[in-house]
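Both of the next two complexes hold chain A, though its partner changes from chain B to chain C.
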Partner chain A sequence: MSVVSDRVTALVPTRWWQRSNEILSGVFEDDRRLLAVCLTPALALYVLVAILPMLWAFNLSLYEVSTLNPVWEWTGPGRLVDILTSGAFQAAFGRSLIFGFGSVAFQIVVGVSLALLVNREFKGAVLARAVALLPYMVPAVAIGMVGQFMLNAQYGIINLVLIRVGILNNPVAFLGLPETAMATVMVVGSWKFAVFVTLLTLARLQSIPENFYEGATMCGANAYQKFRDVTLPRIKNVILIAALLRTLWMFNKFDIIYIMTRGGPGEETTTIPLHAYEVAFNQYDLGQAAGIAALMFVFLALWSIVYFRVARPEEEVRVA
Partner chain B sequence: MGESPNTDGSTPHLSRRAVVAAAGVGGLSTGLAGCLGLGGSGSSEPVKYISNNNSPQFKEMLRGFAEDFEEERDIEVDIEFTEIGGDYGQRVSQLIQGGNPPDIINAEQFRIGAYATQDILRPVDDVIDAVEEEEEEVPEKFGFVYDGSNRLVPAVASVTNNWYRSDIYDEMGLEPPTTWEREREAAQAITEADNDLYGLGYTTSATVYGSYHAWTRLWGNDAKVAARDGDTVNVALDSGQNRDRVREVLERAQQMVEYSPTATNWDWGEIYESYAGGTTATAIYSGGRPKTQSIGQDRPWADATKRVSNPYNSSNRNASLGNSAATGYALVQGSANPEGAKEFIQYMVTGERLVEYARALRFHNIPIYESWYEPGSAYRDGWDYLNDNFDEETIQGERQALFSDETQPFTAETEPANPYASPAFTSFQLGQMFYDVTEGGMNIDDAIDEAASVLRDNTGME
Partner chain C sequence: MSDIQVDTLRKEFSSDGGPIVAVNDVSFTVEDGEFVCIVGPSGCGKTTLLRCIAGLERPTSGSITLAGEEVTDIPPQNRNLAFVFQDITLYPHMKVWENISYPLKLDGVDADTRYERAQEVADTIQIGELLDMYPGDLSGGQQQRVAIGRSIIRSPRAYLLDEPMSDLDAKLKKEMRVELQRIQQQVGGTMVYVTHDQEEAMTLSDRMIVMDDGEIQQFGSPQQVYHEPNNVFVAQFIGSPEINLLSATCRDDTGGTVTVDDTGWNIETGIASQGVPENVTFGFRPRHTNVEPVEDLDGLGGEVALVEAVGDENILYIDTEVGEIRAVVDIERTPIEEGDTVAVDVERSYLFDGATGTTVAHSTRRGDQPDDQVEA
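Here is the complex of A and B:
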C-alpha cells in the first residue's frame, strides 16, 4: 500500500500538493469553514427533498387545482380559513388527536413495560432483548395487511380464538364497528412503535448505576418503591421525549390506517392525512388537499416547538 | 379542447407550460416525423399506455399485443402497469401534473366524467367509427359523450347481477330474490336457519363498492342521485318525491343489515369473498366475480350460483334493473403520440385481440356486442371455461340485462349524460349515507341532507 501511495504522491505535482494541503489545513483550522463544508451536502439534500416540496405544497394550497388538470387558479389564503372552519376538517382533526394521543399512550405503557422486563438479568436476556426489538423491523404495510387478515370477522384467527375460548359467541368485525375500529387500528398500529419507546427506555435504564438499587435495598425499599424513587425519576424525561416525538409521528400516520380501514367504517378512522388523500384522489381537489396538508404541517410545527421547549432533548444527550 | 384558456385568475404554472411544451414537441415531432417518413402514427415517440390490468396474465397478453402491433405498424408502445383503484388515479394524475400525460388510459363509464369535465380527454369518434367498420355498431349506451364528442372507446362491460345460491334457495323453498319482498324473506329465512350462512352481504361502507351498492339500491326504488335542468345538473337526493323514495331505501337498509355480516368497511373483495367463502348466500355485484371466484375456488355451490337482476320495490315498478357499465380506453390531451394511440386502441378492441382480452376476463366483464353471446360466435366457440361453468340461462340472462333499456350506467340519470356522476361516485357519500343510518346512528332525513350537501360542495352538481 505504501509503495502505491508513494507512487501516486510522486505523480502529483509538488506545488499542487502543497496548495491542496494549505487549503485543507485552512478548512480544518477554521471552524466556520469546516462547518460549512460538512453541512452543505446534507443541507442541499434537505432543501431539495424537504424544504422545496414543502414550499411547493404551501404555494399549491393557495390555488384551485384539480388533480386531473395542470391549470392553477389563484384563490388566496382565504381558502385555508375555509378548510379550517369546515366540519370535515375539524372532525378529521379530532380523530387525528384521538389516534395520535391514544396510540402514544398505548406505546408508552407497552414500551416502558417491555423495557423494564427485558432490562432484568436472566438467562437468555440478550436474546430476549433482540427478539423484543424485532417488530420494529417489520414494515408497517406488512403489519397492516396481517392485522387486517387476523381481525377479519369471517376467517380471522383472532375471532376464531376468542370464540374457541368462550370470550365471544359470534365473530366481531373489529375494523367494521364504530365502537371498535379506532381502538383496533391504534393497537395494531402501535405495537411496532412501542419498541421505539422500549429502545429509548432500555438505554436509559441500563445507565442507572446498580448501587442505587443496592442502596435502596439497604434502606428497606420494596420493588415498587425502588421503581418510584430510583427508576422513574431517571427515565421520566426519556418517556416525555418519546411521548412528544411519537405524537408528532403518529399524528401524520397514513399507511397503517389506509391499509386497515381506508378511513372507515363510514369516516370513523378518517384522520387528517386520510382526509387529505380523499380530497385529492376521490374528490380530485389537489389544491384543497395541499391546504389540509399545510394546516397539518402548521400544527406539527407548533407541536415541535412544544417538544423542544418541554422535553429539551438536547439535555438528554448532552455529554458531561 | 385541451388546456383551459388563460382566464382571470388562472395562472399557467410550470406544469401547465410543460404540458403545452409536450404538446408542442409532440406536434413538432409529428411534423418532422412526417418529413422523415417515419411510422404510420407520424410520431417517433412511443405510445404511452397506463394499464390498470397488472396481473401476470394480463401483463403478458398486453405486452404481446404491443409487440405484434409494433411489428405490424412500426409504432412502439410503452405500457406501464399499475394497480386498479386509487393507485391508478394517482399515477395518472402524477403524469398529468408533471406535464408528461400518457396517451392512453383505462377508464370506466362511471369514472370518465371526472377526466372529461377537466377537459383532458381527446375526442375518440374517429376511433369508434374505425372500430365499427371492423366489428359492428358499438351500442350507444356503452359510450360517454361530453361536449358533443365521444370520449370513451368501450371494450367490455358489466351489468348488475344479484348472485344467489340456488341450492340453498331451492332447499328452503325460497323464490329467487328478484324483488325487495322476496329478497327480505329469503335473507331472513337463511340467516335464521341453522346453516352458518347470512342471507346476504348488505354493504353500508364508504368505499367504491359501497358507492356502487348504494346507488344500485337507490335505483331499486327508482330514486335518483341527480337530475338535469338545462345545462345545470342538480343533486336530486333531497328533492320532492325522490326524497321519499330515498327515505324508503334507507329504511329498508336498516332492516336488511340485520341479515348481513357487519359490512361497514367492505369493498369489492369482501363482497365476493364472503359469497365464494360460504358466509353469505346472496351478493349484488357489477359483473361475475362471486360466481367466477366460486368456480376458481372449486366451491360445491359454483354450479348452483344463479343470477337475477337488481331487486326492485314491486310497488314501484319503474325501478331500474341495475347498472350497466362499460370499461375501455380514453385518450389524454397533451400526450406525445395521439395518432399512434388511436391506432393501438383500435388494434386492441377489434378482432382476435378483443376475443382474447374478453376471454381473459372469465365472463366477469362481458362483451359489448350482442352477437358474441350466440353459441358458435368466435368468442364462445371452443371456450371450455364458459361452456363448462356457465349454463345458457345465465349467459343469456346477463346478455338480456346488459342490453335491456332497464339497465343504464350511473351517468345516464340525466340526458345528456351526467359528467358529475364520477365525482359523486368516488366521493363515497352514498355509501356514507347508508352507513350513517345503519351503524352511524344518524336520523334518515339528516343523513339525506348531509349527503346532498356534501355532493353539492364537492362534485360540481348544484
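Here is the complex of A and C:
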C-alpha cells in the first residue's frame, strides 16, 4: 500500500471499518439479502425504461391521440381490431416477415460460415478474427449511408464493377426498383449483424477440444463427418439462440431501412416499425402507432414462447 | 491384424531456437499380435512416435509400414488403426452405445445393427448395462472402458494407446491393467502402448521399448530390460526402487574387483569379462543385496536412515560415505531398525562405462536363477 492510502486508512476509525465489514459479510452470507441488493438497481432501471413505457404505450393505444393535440379521446380495444384488419398493417406485417426471416437466414449462413473460416489455425488467424468482427463496430447510419453510395446507379461502385465484369449491361438502381429493393436492404442490413452470429459461434467453436477431432479422425471420420458429429452438436444451441435474438431485433429494425429507402420505393420496404413511424409522424396518429407497436410486441412475445417450446435452445448440450 | 515396421523415423518440431528433434531416426518392428509398451520419461518422444504411427503427426523423414503396406503418406482416417487417448475423448452428447459404435456409424451401418454390435462389445468389456447412459454419468474407469470399446469394435489393424490409464487412480489402474490383458487375449491384435510408468510397462508388455531423448535405448522383453540393461539410463529407469550407482575404478580389465571412488572399499563383483575400462560406474539393484547389522563397518555400508515398510518387505535407505544406498530386505528374516549400522553385500553387479554409460559387463553370480522373478 502506498503512503497516501495508508494515511487515508488511518483517518478512518477502526470501529467504522469493523462495522462496515460486519454489515457486508452479513449481506454476503444471507442469500436473499444478497439477491435483493444485486437485483434492485437492474430491476429499477428495467421498470423505468422498459416496463413503464410499455404499459404507457398499451394505454395510449386505447385512445385517439393526435401528435398536435394534447386531448386524449377514448376509443377502446376495438382500435386494435381495426389495425389488425387494415390492409396497410397486413401488408407491412407480411414485409416484416420477409425482411425478418430473410435477414436472419442470411445472417446465420454468413455468420456461421465466417466463424468456421476464422476458427481455423493459420498464420494471421488472430488478425483475421479481429478484422472479421470489425463490422459490428460500424454504426448502422454509416452502413446505410455507405450502402446508398455504393449502390447508386450513376456513380456507385457496385454498378461499376458489375458492368465492368459483364454481369450487368446497364446500371441498376437496386434501392429504387420494387423487385430488388427488399433484397438489397436485407443484404446491406445484415452483413453487420452476421458478425454477431460469428461472435457467438466462434466463442463456442474455440471451446471444442482438439482431441475430439483427433478421436473422430482415428475412428475414420472425414472432414464433413467431423463437422456433423463434433462441431454441429456443440454449436447448435448457440445458433438457435442467435437466431431468436436476431429475429426479434430484425423485426424491430428501423434505422437501416429508413436511412436507405424510407420504406420505398412505394411501400416495398415498409415493415411494421416504418409503418408505425409513418402513422405517428406523417399521419399524426400517435394512438394508432402505439397500437401497432403493442401488436408487434404481442406477436414477438408469442413467437419467442413458441420458439422456446419448439427449438429448446436453453437446453444445454452435454459437454461432460 | 498386422505387424508394424518403423524405419529411421524422424520427427522434428520447429521452434524459435531451431528445430527440436522429438524422434531421432528410430527403427523397430512390432510383430503381429504383440503387446509392446513404449516407456520413457516425459518429453522423450514416445507420444510423438505413437502419433506418427497413427498419422496424427507427419514424420519429417522415415517410413511406417503396416502389414507390408507403406502408410507414411496415408491420412490417419484411412489407416484403420484404433487410438485410445490419455484424455478420454468420448462425445458427451452421444450415449455410451453411440460412442462405442461411432466408427460403425462412419461406415454407414444402420442404427439397429450398431446397437447390437455395441452390446456385444460392451459385454466383452463388462459395461453391458451402461449402454443407454451418457459419458458424463460414468466414472473414470467406465469412461476408459467405453473408449477401449470404441477402439475394438471395428477390428482395426492395430491398437495404439497413449497413456490411457494415467488419469485413473492406483487401484483402478491395476484392475484396468488386468482387464486390458484379458481384452487383448480375447480380441487378439497388435498393441502399442505408451506409458511413463515402468511398472505398467513391465507387467503389460511382451516386449518393451525404452526411450530417452528421442532415441530407443533398449528394445527387449521386460526380463531382458530389467536384467540386462543396455546402459545406465535403462538400468536406472526400469526397476523400483532405483538401482544403486557408484562411480568406481577397475584395476584389472576383467572387472572382477572394483574400488569405489573416494573410499577404500574393494568389491568382488563376480564378473569375469575382458576389456573393462578403468573408469566405471558400479551398479547393483536394491533387491540384489544382503544386509547384515554389524558393530564395526569395514566396506560397503552405513547407517540406516529410513526404513520404509512395503508389505512384507522393507526398503532401507542407508547413508554411506558416498551417498544414499537403497536395499530391499525381507522383514522377518532381517529385522533392521533405523539407526542400525549395516554392511551391504552385493549379490549381482553391473559395470557401466564411466564415460558413455554403456553396459560393459554384469555378473551371473550368486542368486542368479534362470527363472528369477522380475520385481518391478
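The rule we apply is simple: the second predicted complex is superposed on the first by the 279 of 320 C-alpha atoms of A that agree within 3 Å, B and C clash if a C-alpha of one lies under 4 Å from a C-alpha of the other, contacts with A are read in each partner's own complex, and residues count from 1 in each chain.
Throughout what follows, a residue touches a chain if its C-beta (ideal position, glycine included) is under 8 Å from a C-beta of that chain, and two chains touch if they have at least 3 such contacts.
Everything quoted here is computed from the prediction, not taken from an experiment.
Three-chain overlay on chain A, with chain B and chain C fitting side by side and no clash. When chain B and chain C are set side by side, the one touching more residues of chain A is B.
Once the two complexes are laid over each other on the shared chain, residue contacts for A:E214 go to chain C alone; chain B is not touched. Legend: residue contacts after superposition of the two complexes on their common chain; A:D229 is shown touching chain C, with no touch to chain B. Shared-chain residue A:V165: touches no atom of chain B or chain C. By the touch criterion defined above, A:L11 reaches neither chain B nor chain C. Superposing the two structures on chain A brings chain B to within 52 Å of chain C, judged by their nearest Cα atoms. By the touch rule above, chain B contacts chain A in their complex via residues 3-4, 9-13, 15-16, 18-19, 86, 89-90, 92-93, 96-97, 99, 114-115, 118-120, 205-207, 261-267, 273-274, 277, 279, 423, 426-428, 432, 435-436, 439-440, 454, 458-459.
Touching chain C in their complex are the following residues of chain A: 209, 211-212, 214-222, 225, 229-230, 233-234, 317-320. For chain C in complex with chain A, the touching residues are 54, 56, 76-78, 80-83, 85, 87, 89, 91-93, 102-103, 105-107, 134-136, 150, 154. Taken in their complex, chain A has these residues touching chain B: 63, 66-74, 88, 153-155, 171-173, 175-178, 181, 261-267, 278, 281-286.
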